[in-house]
Amino acid sequence: MASLLNIENLKTYFFQKKHVVPAVDGVDLKLNKGETVALVGESGSGKSMTSLSIMGLVPKPGGEIVDGKIMLEDINLTELSEDDMCKVRGKEISMIFQEPMTSLNPVLTIGEQLVEVITYHQGVNRASAVEKAIELLQIVGFSRAEEIIRDYPHRLSGGMRQRVMIAMAMSCNPKLLIADEPTTALDVTIQAQILELLKNLTKEFDTSILLITHDLGVVSELAERVIVMYAGEIVEEAPIDEIFDEPYHPYTEGLIKSVPTLTGEIERLYSIKGNVPSPDSLPKGCRFASRCNKVFGRCLEEKPQLKSISNSRSVRCFLYDDEEEVE
Amino acid sequence: MTLPEKDISKNQTITSPDINLEVKQKPESLWRIAFDKFMKNKLAVSGAVVLIIIIGMAIFAPLIAPHSPEEQVLTNRLAPPSAEHPLGTDELGRDTFSRLLYGARVSLTVGFVAVAGIISIGTIVGAVAGYFGGIIDSILMRVVDVIIAFPQIFLLITLIAVLEPSLGTLIVVFALFSWTGTARLVRGEFLTLRTREFVLAARTIGIRKGKIIFSHILPNAIGPIIVTATLQIGYVILAESTLSYLGLGVQPPTPSWGNMLQAAQDFSIMLYAWWYPLFPGLMILITILSFNFVGDGLRDALDPKRKN
Amino acid sequence: MDVNVLSEKENVKSKGPGEDFILEVKNLKKYFPIKDGILQKTVGHVKAVDGLNLNIKKGETFGIVGESGCGKSTAGRTIIRLNKPTEGKILYKGEDITKASENQLRKSIRKDIQMIFQDPFASLNPRKTLGKTLMEPLEAHQLYKNKKERMDRVKELLDVVGLDPSYFTRYPHEFSGGQRQRIGIARALALNPELIIADEAVSALDVSIQSQIINLMKDLQEKFNLTYIFISHDLSVVRHISDRVAVMYLGNLMELADKDSLYSEPLHPYSKALLSAVPVPKKKGEEQRERIVLEGDIPNPANPPKGCVFHTRCPVAMDVCKEVVPTFKEEKPNHYVACHLYN
Amino acid sequence: MIAYIIRRIILTIPLLLGVSVLSFGIVQLAPGDPTALMMDNPGISQEDREAFLEEQGLNDPVHVQYVRWLGDIVTGDFGESLIYQGTPVTELIMARLPNTLLLMVVSALLAIVVAIPFGIVSARKPYSLTDYTVTTASFLGMATPNFWFGLVLIMLLSVHLGWFPSGGVATLNEPFSLLDRIHHLILPAIVLATAETASLTRYTRSSMLDVLDQDYIRTARAKGFKQRKVVYKHGLRNGLIPVLTLIGLMLPTFIGGSVVTEKIFNWPGIGLLFIDATFQRDYPMIMAITMISATLVIIGNLIADILYAIFDPRIEY
């Protein structure tokens, strides 16, 4: 499978008056064509900042990509000028966000917001852009698309707005769709609709998805591969059908065991003690050490590296240090 | 390939405290944080320093002033700045610098006292309207609407003309007709705060209404109130000087920055004594500017949404 | 509305002999007026809660699930009398508190019923130290003889919820979300309540913190013999913590049962869809569950559909559903449902 | 929409009533009666005075006087001036009104034209040199007393340099000339506009900064639009909607400011008329002008509200 996105050693730091916050700290990530990969982590893990780095939308002033490469096929996005990056955004890579209620411009009609992106990237005239917009709205499930394009966002529910966002993101047939917590703000029944839609669309359009989420359930609905982040670093990477049965990293394992299930077989939830370390005072050794139940001396002194365990799995933990790398 | 044991034991104690709290010497109250933030704002700090100097000069005017503000030397009218009269003299030969110092007393007194009144009335009306809502709120807000519909200066001019100008009248009139902005602000704060969860929590605990208002809601609304008070002082000083300039404020011979300028409108003064209108105006400008800087700095420092 | 009265009777009738209810809610309604026009006349109502019947047993955890706008939070706030009920009755240990004044409430339920809120950042007064926040309920009800004893009690509370007593003088902004939620729980416990209403108490927390808080709540329940009403949109969490679960939709109860029978064999089409919509981590070899994807959005509670409120989205709606409000009745032992399929 | 406008107009009626009560009431606070000044004139006897009081209805109870006054002003009759004896107040005001409106409209346009672009530029690059310059200028503008600013301008540009006339609407005894009128208008317009320009700039800046922080701006950027297009297409309209309200709220300050400006530049408008009236206790005139200015403010806010509703699609009627 050809690789579409290849991130190497990405470091996105925030420079504050007193300290430097390493929001993303040396992330390597590969995404193949047509593949859906989930980036999982709790708040502050750096997953959202990774996605904004790919889009070149790291908040400024303060945030900056200090190191690393982000290769989209054979272009290094970190080296593109702002003007060139504008040609990539919305066309090659598009993004949908967590808050559908605030992500659409309240004073422009749905049609206007769809049409502008189509005319901008595809150089078509307005009339055909309008036609395309209606077609897209129908694809994402609006039966009254002709009416919807004249409506303003506040007339639509959260689920409908997220559909509009998806239509907008898919309008230029992007190679990569970054979905940052696309269903977190939605009710479960609406979430199910949106997940269904995303699943069908990416098949149809052959688009790769980078799914950013904290919800392990959503991950297993959509993704083929899971990457777990903790405190700015990737701690584990695994195929979807292995990670829940056999998590390697103690953090991943804790995360999975912390979530109550719908079948209710667990009597008492596992809980990871403590809190995520504050990003301005990270420990010297393993960043998870203070919360880990398998911690030993070396973890406090030395930083573990992300290590391949098999060709589909890797983990950042000393417990697996003596494993032979399997090629 | 054998992997090490990955079983996680189940006996996590729930009473394990979250361990990641930074150890600090002293708990930092929000006031302390606001103070630190304020001190980092250069404009605000310089504004505060200038204000302290001006206030000091007003308080110690009798010690600092080289002359009595009312001492007339008719042979030395409209003298340019000199060692004897650092800012020159006026059309009656009085020392401008001394008169400015005493004028500061008037301006600052009117500013502080009137604003104390404005804030008291505005906070009470706003708090009552915002906490109780309903019909009380509607009535109070309609009264506010009516007062706000008048251009302030028209009300002030009319009232003062009707009531005879004096320091006391000025203060009372300002207090009675400038509280509306504060009332709206406080009402808005109360409306949002009263539905906040910590206020609901206080209600479920059974805290009395009065205590909820004064101990839970008001302290959290105090930031915007302080900011508006600071800005209001500047506004009142400006309005007072305007009225005095029009001849409706503090009456001569008592010096005030505004009435000093009233005398300076004369064509020949403008032609031959440019320094005379300059200094009172600059004093007003600097004072108001300082209050605005401080107010702006306080707004940033007291706004909990602005971190860093 | 007669229907609700009927169902209420049935509900009461079904109560087994000797069963003690700590809280009885009968046909509770909470409407919020919509005002419009020149004179701000009431032109309609948001029917946030529209005829709710619940009987809470002492010591149980009663879960209420539903999506946003279903009225679950309004129900909780009305039960604890932060809202004035529009209609219906709330009985706490047989005492009618529906119309009690704030003063009467202070003497009756304010000590006995407490609440844990959703947002750990909004639920603590940012200008009060942890100590002051926890002392306040004790002072308000003049429990304990003097300050010293009250302070001891606060330290005890901190210990119970797993916070270091040395945090006494700290301010809320110095705590993490999880710690704040512990403080919120300590405050709720301060008055030794019997019933705690937890409104989305763990929804705002990260998963690893969420499990800490859930476990804490379970331990406290055992220790102090608490009764919980646990309100949440998260079906897995509700299942984990509850004994009985009620499903709400648009201000109405759709189904109510022991958690096992509700989750393993839901009767109402809405409950079925809701359960099937929850994405679950799949284990290897596990079959893809059949999913019922509901069409459309939740209707506006200001203008709920006629008949069964769910009929606009129901995959098995019949003609009768558009006209007639289904009765809430016991379909199986202790398993209630409001649906025409079971008539 | 029409229904909304009608509703808003109807809602102003109680407000206008309140305003009339206050306008009327304040003057009632005056000690003595308006004949006090007349009595200084030895040609007027006590009988004349009584007759005057009776004729003017000043012996009636206050509420009767109020109702009568209200009835009159509804028909546009504000009574007769006490100073310019026998001349209806309305006539005097109408004669001066065009001058005041000219000054206000020109200043308001000046303020908007200057403030909004500077506010936007400032917000586009916060904490840049441009932003600091604009911010400093606005702080100065807000703190400068306008009467003093007018004085300084007259001293510098009229008295010393002779570039501008020091007052009046036109050169006396000259035929009408547009250039001459503009020449007279420049300084007063600048003075009246300064403070409002400054606060409008600050407001535009903070409103734009707020908007540029919103999620939909991030969406627009994610679509690949350049910063310029994002600011002007997606930010501007959202940012200017609240500014609209401020312009409505600026009206009272403008009207108030015109009093002082007219006084400094001897501009024969309502403001000057008002000041003269207060010094001479011309009560019908005072009541008329306060009433009219408050009405103008209410109308201004009404227009701002309606415009707001037109420009913001989120407002439902």
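Just so it is clear, A, B, C and D label the chains in written order, and each chain counts residues from 1 on its own.
Assume a contact is a pair of C-beta atoms (placed from the backbone, for glycine too) under 8 Å apart; a residue touches a chain by one contact, two chains touch by 3 or more.
Remember, predicted model here, so these are calculated numbers, not experimental data.
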* **Co-neighbours of chain B and chain A - touch as defined** => C, D
* Which chain has its C-alpha centre closest to the mean of all protein C-alpha atoms shown? -> B
* Asked: Counting in whole Å, what is the centre-to-centre distance of chain B and chain C, each centre being its mean C-alpha position?
  -> 46
* Could you tell me the distance, in whole angstrom, between the mean C-alpha positions of chain A and chain C? => 33
* Asked: So what's the Cα centroid distance for chain B and chain D, whole Å?
  -> 24
* Distance-wise, how many Å sit between the C-alpha centres of chain C and chain D, to the nearest whole number? -> 54
* Asked: Taking each residue of chain A in turn, which ones touch at least two of the other chains?
  -> 254, 257, 268, 270-271, 273, 275-276
* Structure fact -> Expected list for chain B, residues touching two or more other chains, is 12, 14, 16, 18, 20
* Where does chain D touch two or more other chains at once, residue-wise? -> none
* **Parts of chain C lying in touch with chain A, wherever the complex brings them together** => 67-68, 176, 178-179, 206-212, 214-215, 218, 233, 235-237, 239-241, 259-260, 263, 273-284, 291, 293-294, 297-298, 313
* Would you tell me which residues of chain C are touching chain B in their complex? => 77, 80, 82, 102, 105-106, 110-111, 113-115, 117-119, 122-127, 129, 136-137, 140-141, 159-164, 167, 169-171, 173-176, 178-179, 184, 187, 190-191, 212, 215-216, 219
* What part of chain D is in contact with chain B in the complex they form? -> 14-15, 18-19, 21-23, 26-27, 29-30, 139-140, 142-149, 151-152, 154-155, 159-160, 166, 252-253, 255-257, 259-260, 263-264, 274-275, 278-279, 281, 286, 289-290, 293-294, 297-298, 301
* Asked: In their shared complex, at which residues does chain B touch chain D?
  -> 142-143, 145-155, 157-159, 161-163, 234, 238, 241-242, 245-248, 261, 264-265, 267, 270-271, 274, 277-278, 280-281, 284-286, 288-289, 292-293
* **Complex contact set, residues of chain A against chain D** => 55, 57, 61, 82-83, 85-91, 94-95, 97, 99, 102-108, 116-117, 120-121, 152, 154, 165, 168
